[in-house]
């Protein structure tokens, strides 16, 4: 058997065990419901907007709620992967695994694919529920929604890779979880605040607010290369521009980002070791 | 205590007075070499300038833009946060040529050319053309001739009208004296009043006509010996649109003063129940917000700041007359509507306070009135539709497809209930697993 | 089977393992001994590729570990001192997971087989969270046996076990060895090591102080042999005659017992018996009392004695 076959087997076995554990636990279901409840608030607001105004132009009102649901789901998975690595290390089960035919590459990939497959399952559930909502409200669900669902998998991949990197980088589970949450909130906040400020006309802004916009824009531009959401934004922009080259390059960039993070996670796991 | 308060109050008053004095002080004027810029904005020619404090100029690619090296008085007006130039009192042309460099290498040197602006639909209609050299002179001459012709026509008209009045007074006198009757055809016709030319051409002036492909450049004005004139070196960013399309302005019948806008296909029009709306389609281009705002308002240092990653659609011109809007349902065209003029009639008794009616220029009702707007009227019932603009030959205008959907008002509890489904599934899974475990344990112990 | 060459591991300024050269032959049971903090676990971790050596080479099954990592790891079964289990699983699920991990053929049959060997078959559907420490230790042993490894590395395999459990594990060790398997055992229960191991290696402060078979090792450590003789008809002449012999170091008579200490170069019981008889004494019993492994271990580690003749430093 080649090295890759050994790794493939280890990835398959560990990922299957973890998926089974996730599916048999309550967490993922609670998160899915929570994600739907939060996204329903936005659906409600959009529905109210249309009924109050009679006519309203907007990008598919299910897109943002879907993005919120995706972010909640992916963040939960990143948190669980972060915690599971740290927990396995703390409990010593990681050490026991490494007695066997597994290395850091296989282990990190197993954790990664486990979360990704779980996320795929979650996205399918999301798609079903959002499809029902689109039918109930007649908000519609077009090709761009499907494209967004595909992009969300890339987003989840990069968030999970980010979480794995932090889990291998930090000494304790608590530090890595707090760091992950703080960074994700920062990324998301910079993205959303920058979007809101950019949608405002400069004429309506005070000088202070213009400088705030400049600062947020600079921060956000920098973060766009570090934040997983930056890669999603590029993907969405590429889809809306309908440029195959841009779509491919944004997918490529997103995959590259994920690969780099995973490679770093493997390296840090090697350096940090698997023992308690 | 009281005297302390009094002292503080006096101090505060003094500070406020000084501050107000500083605020009220006239801004410092400085004589500067600046670039006067007439950029093509995709729709019209704008006007801005680059004073000493602005080191980068923005222009659209592959279009004629005019840059002029001038010396004038400049001051910064803090109330509106913009530089002002005292063009009326001080405007001197700085002689020289415009050198354009890219990556440190000279790529062209421009001489001043004569140019003017031609407004085919009038100065206020927006669209304008830049005419260069002889063409500019010719158009200006045509305009002058047209104006002269108009004044001549006015003079002729006045004379003819005087003659007409003379004839009419003679007829009236004759009728009153003799009782003679005239048929309408026998009466003299009043002369027709000439209309002034709507189009307009500005005076011919000199400037550097810059037309460059997308890129980063450096420009500077050089004298006869090829030396750069101090204060004239600036960066130049030439950018282009990101994409083009057809945008819609949608005027709801219920709120005609508050139209909504759909700039691209991702922007869906949602409505509740049946709605009547009026659509106006525009050709549009999407630009980087930062670059576009800098290009059009360079004298405002804050314009476009912080918007480097944002894009904006600019409506450039209305789609040509003859364009129709098709409504599709399930891929089939169910309706086709064309542009018509409409008039907003104020009706006190009417629920909305107004009524939008089709404008009929022949009707007495609209005598002396102008239509409020021209648009395509759509009356849509509940459902999902697509609209698109087609030209007179039936060709669909690229980027003109939009979705229109009427929403169903769903009770929120249904959506919340839907949200809880995963949780229910989770509880079932966990309970089942626990039961399985319990059964296994029992069977083992048995 | 296991061969290290100049194996060294440094953690900053601390040298945990220093130029370690161990050699474990195929089919032998090797006891790896050392006081706490001697570097045993670090050595095992390096053997498993879980710690990167600062210097030196490791060969397992005659192959370089780094180059044949997966192939080698698949042939090894490792039992650590403490058992870390997925407590939300049953024993069957846990072993099923490792059976998949090691790609064991007929996993269900194999799981039942190993569980029955550790006497846990009837508890296979119970959650591991409810297992006692000893049960966990035995389940760990079952996991080690599951994929039928050629080399078993056991770190304190009998800790946490009751006497029955200790015997079960000892039996498993012996059975596996009889099947031709190699065992590398690190343990503090020296009596068990003495009972099971063919050879031992003793490590202290990161250095391998001794590596030999048990008899030879004890001989090397002890510089005298104590022979206890139960005697009838003792006279002072017997003691004087014995003391005159070159190989006798001391003679003490007490409670009808004569204790003779001799040099370790040979077995002198026959000569002692002849001297006693020649002076009219009758030997009722004679026992040559050897040094225990525990005593040898204490002597070696406390005095930091290096008995590695290879290095020419034998004391």
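Going by the order they are written in, the chains are A, B and C; count residues from 1 in each one.
Here is the rule we use: contacts are C-beta pairs under 8 Å (C-beta built on N, C-alpha and C of every residue); 3 or more make two chains touch, one makes a residue touch a chain.
Being a predicted model, the structure only gives us computed values, none of them experimental.
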{"item": "Reference chain B; chain at largest CA-centroid distance", "value": "C"}
{"item": "Innermost chain, taking as reference the mean of every protein Cα atom displayed", "value": "A"}
{"item": "Length of the line joining the C-alpha centres of chain B and chain C, rounded to whole Å", "value": "89"}
{"item": "Interchain centroid distance [CA atoms averaged], chain A/chain C, Å", "value": "52"}
{"item": "Chain A-chain B separation of Cα centroids, rounded to whole Å", "value": "39"}
{"item": "Chain A residues counted as touching two or more neighbouring chains", "value": "none"}
{"item": "Residues of chain B defined as touching chain A within the complex", "value": "81, 242-243, 250, 252, 254-255, 260-262, 264, 266-272, 275, 277, 289, 293, 302-310, 384, 403, 405-410, 412, 414-416, 418-423, 425-427, 429-430, 433"}
{"item": "Touching residues (chain side chain A, partner chain B) in the complex", "value": "23-26, 28-30, 32-33, 36-37, 40, 43-44, 47, 50-51, 53-61, 125, 129, 132-133, 136-140, 142, 144, 194, 197-199, 202, 207, 210-218, 220-221, 224, 240-241"}
{"item": "Chain A residues touching chain C - in the complex, by the definition given at the top", "value": "1, 3, 6-7, 9-10, 12-14, 16-17, 21, 91-93, 95-103, 270, 273-275"}
{"item": "Chain C residues within the chain A interface of the complex", "value": "45, 48-52, 69-71, 73-74, 76-78, 80, 82, 84-86, 88, 97-98, 100-103, 143"}
